[in-house]
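The two complexes that follow have chain A in common; it is paired with chain B in the first and with chain C in the second.
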Partner chain A sequence: MSQTPENKKGQVETTGHVWDGDLREYNNPLPRWWLWAFYGTIIFAVVYWILYPSWPYADTYTKGLETVSFTVQDKDGKTSTVTEHWNSRALFNKDMESSPSALAQKEWLAKVKDMSFAQIAANPDTLNFATSMGHALFGDSCAACHGSGGQGVLSQNPDGSYPNLTDNNWIHGDSYEKIVSDITNGIHGSMPAFGALYKGDKLTDLAEYVLSLSHQPGVNEEAANRGKSSFATCAGCHGANGMGNQMIGAPNLTDAVWDFVDVPGAKNIDAKVKLVEGVIDHGLQHQMPKFGERLSPEQIRLLAVYVRQLGGS
Partner chain B sequence: MKHESIEINSALLIVLTLVVISIGGLVEIVPLFHIKGTVEKVEGVHPYTPLEQMGRDIYVAEGCYLCHSQMIRPFRDEMLRYGHYSLAAESQYDHPFQWGSKRTGPDLARVGGKYSNEWMTQHLIHPQSLVPESIMPSYPWLMQPLNYGDIADRMKALRDVGVPYSETQAEYDANVKKFGKTLADQFHIPNAIKSVKEEAASQNWDGNPKEITKMDALVSYLQVLGTMVDFSKYNQGYFSKFR
Partner chain C sequence: MSSVDLLEQEPELYQPREPIHPKSIKGRFRRFKTTIMMLAYAIFFLLPWLRWARPVGPDQAVLFDIPGRRFYIFDLVIHPQDIFLLGGFLILAAWLLFFVTGLVGRAFCGYFCFQTLWTDLFMKVEYWVQGDRNKRLKLGRQPWNLEKIGKKGLTLLIWTAIAFWTGFTFTAYWADTPQLFVSFFTMHAVSAAYITTGILTATTLVAAGFAREQICIYMCPYARFQAVMFDKETLLVSYDAQRGEGSSGRKPLQKGLMALEERHAAGTGDCIDCNLCVQVCPTGIDIRDGLQLACISCGLCIDACDEIMTKRGWPDGLIRYASELEIETGTKPSLLKFRTIGYGVGTLLVSALMIYGVLSIKPADFSVRQVRQPLFVLMSDGSIQNNYELKINNKEQTPLDLKLEVEGVKNAEVSISGGFKDLHIPADGTRNYHVHVRVPGSSGVSRQVIIFKLIDEQGKFPPIQQETSFNYK
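Up next, the complex of A and B:
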């Protein structure tokens, strides 16, 4: 308690405020370091005003002396260099063009640009690049429906099913070109509803026949035989022997792979018949969005390589 | 005025504190209304249709913004994941905007067209049935009927804050010029109920064609997000002029 007001009286100025009769407030000078830091911020602000966008006036603002240069490409593919005042969008353009990761990616994209799909797949290095980039693109664009590993979703509700991409069973074909066009343009998968045509026993017989194509255990052979003649309607898309048609995306019905309704998950043959009846009755409408506007052609090519190898093709 | 009189008068202190703080806000905000480049000149941005606007109100009411932002920032990683960075012009008819600041779920600024209507519907009813890893809650009540009787009032309220929904013939004609007849018809407040019905019937939004549900409205809103501007019309340098 050596520095009481009593023994410093006269040495340090007080603010003149007095509380409770004898409490006074010193008016000490600010610490030197603090004061200089404060002046420093003022100088910093002035330098900032000169270099970067800051003061608004009329319908514009001071743009600052700093500039950012980047390359732009117009619709005809002509490139030109643009120099813009310092701003986050210009910095972004520069980053997209010349950040280390952008450069690394560009280098690899250039490498695979003129290679055929077969060449990309044959070279372990380019295949590695295609699958790692394809995997990232798949996670962003495809995984929400087809699952993070491409396993799809198979549900008893046909509207809630999304095809498994990891089996080697291709509804729309497995050529690279077809996969690219499906990703670019999207797919509208549609099976008409046949509820008006087949009802009651006729519908059940047809469902039994469809299940007999893939040799489901417990199928009622008699009913299946009766239903065979009705299958003529289905043959237009699924083929006379139910082998399907990749051109129009009609699945093969003779294998045990089910893409749109979880027949294998049904408990017994009656439940399976019910599920198939439901599909024939209501038909199917499946929409895969088009990604041609969302992804670049190069990205879609790499994605096709990734997707195709998921199925083991 | 002596500083002491401010210190000992709390009402005066509050008023003067507010004045000082608002200077900071005004200096930052007011010039944006005068600076020409604040809202980019870009084609294609239009107000929401009545059904989309109903969906937007559900989006706000359900608090979607608490987990989902609608603001793609100009960074390379965001561009690669979500697409072109968001423009001020794209939220010019949003009152209030849904930029958000929290991404528990992904950004939704360009979710329109990324997933099918069936996916959107099923995902909102039960997200884990499609994305097992997801922590998003289920919204099964969105399949309830949509109460769109007050859509005209909602549009009038938005009109008051500057969204060009039309009430008079002159405003309608101006909208035809600006947005084309199809959209102008939908932006005409006397048509509002009819527009909701027509748009709900125009597509199979939620798999239930018999009824206009909240899901119809929300899915139609989600499917238009980020789709209004055709970015292939502009080169990368165009939008950096506006900052």
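Up next, the complex of A and C:
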């Protein structure tokens, strides 16, 4: 209990209220430091109301005096400064343009802007910047289909498959320029359905032949030999020996990688034949949207560097 | 408001502090204290200004660079990975404190503690501006007139200047000092610099100007626990009560008790009760009451008593450094006792470990992270590829040229994104590499351990290695 100097002589201050003639209430005020701290919070609150958004009224709220400015760029590339009342979204925008990490990123972007792909790849630091920035862009734009690490999806259903970008099998070619143009313009990949042309045994024979190209164990050699003549239809795109054609995006059928149906994952040769038959019967329709409008040319360049090194090219 | 009588008076919780105005004194302990203070201040105040050429990094001798995550101490550069050395340093400091305390009592408190140093300096300022003890006491009793306001104001001004420079110097250890100096006074420094300097200025002013001995008595934990390291053989600032009190107590100099022989004949002790030892005490205690918590072992009372004894031509050492045992029995105990040997061995051991720790700081370290999306890739020729992210950190002040070797997986073909063969890590720098390890599918590879080994081409240090796993089905 606190005592004030005046009542040291055995006197205790009371509030002055008296009940029943002699009942009094001691006056024991709050500790001084506590009280001042409390007044301090009140002053803080008032200052806060003045500076920052705080009170709701009608269908809006007090905006406060504090402002945040940041630069915006419109579609024509014109920049203008926007000043808003203090809010975390504006602070985020400001951070994205002037925080130390944002400035460091700008510095690196300027550094790689005029470098050729070969120059970027020749320096571990620029390559590392390009791949880590590319990885972030990949996560935003590509990972939904191609997976977070570019691993793609290989399913038994061709419509549910998305090419794996981490292997060294490039359907459309692995030059930086080709990757840039594919990202910019998108890809429309299609294989016609040959169900009307090949049916029954003929279809099975052709499938056996296709599987024999990549030396799948258990292929019926006889059937494959019978199917070889039918492959002439396929050779227009896939090449006479099945090596594919990157110009038109026809996959190589002789390697171990399967891009659209999970042949390596099939249980036995019969299942594999079924999968290949399905593709020949129904054809393939695969589309990748064009990203030229969503990403800047500079971003696409970095993305290309990232994608190309995924498989170790 | 009214009041009621209360028969029982409640006790006061706090005793109001009586300001202590120690008398200034000359003597060997005073000289020792002044020397230590000059030395400590020379180091503390000048060190941040010392330049030091380094191949990489700032050219400041001592710099604790928090944003850059480096501690620069002359030629030693401490990286975050080696921060355990800080733990070792603190343990060493603790053992050294135990050792010294076991041997000579609270020597740290009396001569080295910054509370003692700064209080000493602030008292010196008081002495210069307001005069010695008696003048200060008189000034304290005086009503607030022009002289008092002037002297007290000037004292406060000089104190604030010292406190501010103390705060600024502390801040200077965490930034480039000349740059900070310019930016600080042109109001361009980061807010952390102003906040740190402000806090240090305020605490220095309060602790050394006003709180003083109360810090030692009420706040300092060392004051409390150093006492448990005392034993009967620990050297303490002691009043020789047998000699000072005699058989009939101490008495001031008076007729018939002027010479030593007369006093001894009357059974009076050698202490003439001049109170000088009390007047010079910075914590305001009477050493003749025996060992007490508030004594910081500064030895100024020894100086005071010796001065009186010498003046009278009596042997000095009525107050002296002596252990409890020595005061009781008169025999000087050996300093080689179990406790000092134990603490000494502990101190040496920790010092040796520290030196070993500093000398065996790894020149480089690296981490290997297996890319797990996907865990493995089937390549077109049927081989299996795993990908790894390699992060190599060169802690040396010179560039490193390393070679990567992979062990544990047969027929592994290793390639690095960008086609790099030599891994050139710039001085005090970090580089990241993407590594591809490819194994023929027919080689019967499965999930197994793979070891990444970095070999220094100049052979400056033995290969360093990291273990991770190679995955397939």
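Convention: the second predicted complex is superposed on the first by the 211 of 313 C-alpha atoms of A that agree within 3 Å, B and C clash if a C-alpha of one lies under 4 Å from a C-alpha of the other, contacts with A are read in each partner's own complex, and residues count from 1 in each chain.
Note that contacts are C-beta pairs under 8 Å (C-beta built on N, C-alpha and C of every residue); 3 or more make two chains touch, one makes a residue touch a chain.
In this text, all values refer to a predicted model and were calculated from it rather than measured experimentally.
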{"item": "Which of chain B and chain C A:S148 touches, first, second, both or neither", "value": "both"}
{"item": "First, second, both or neither for A:N252, with chain B first and chain C second", "value": "second"}
{"item": "First (chain B), second (chain C), both or neither touched by A:E13", "value": "second"}
{"item": "Chain B versus chain C as contact partner of A:Y48, first or second or both or neither", "value": "neither"}
{"item": "Touched partner set for A:D125, first chain B, second chain C, both or neither", "value": "second"}
{"item": "Touching partner for A:W36 - first (chain B), second (chain C), both, neither", "value": "neither"}
{"item": "Doubly contacted residues of chain A, that is, touched by chain B and again by chain C", "value": "148"}
{"item": "Residues of chain A touching chain B in the complex", "value": "17, 53, 56, 58-61, 70, 72-75, 82, 84, 87-93, 95-96, 99, 101-102, 140-141, 143-145, 148, 153, 155, 159-160, 162, 285-290, 293-294"}
{"item": "Chain A residues within the chain C interface of the complex", "value": "1, 3, 6-8, 10-16, 24, 27, 121-125, 127-128, 131-132, 147-151, 164, 166-169, 252, 255-257, 264, 309-312"}
{"item": "Contacting residues of chain C [partner chain A, same complex]", "value": "1-7, 9-10, 371-374, 377-382, 385, 387, 415, 417-420, 423-424, 431-434, 436, 438, 441"}
{"item": "Residues of chain B defined as touching chain A within the complex", "value": "4, 31, 34-37, 74-76, 79-81, 83, 85, 113-119, 122-123, 129-131, 133, 204, 207, 232, 235-237, 239-243"}
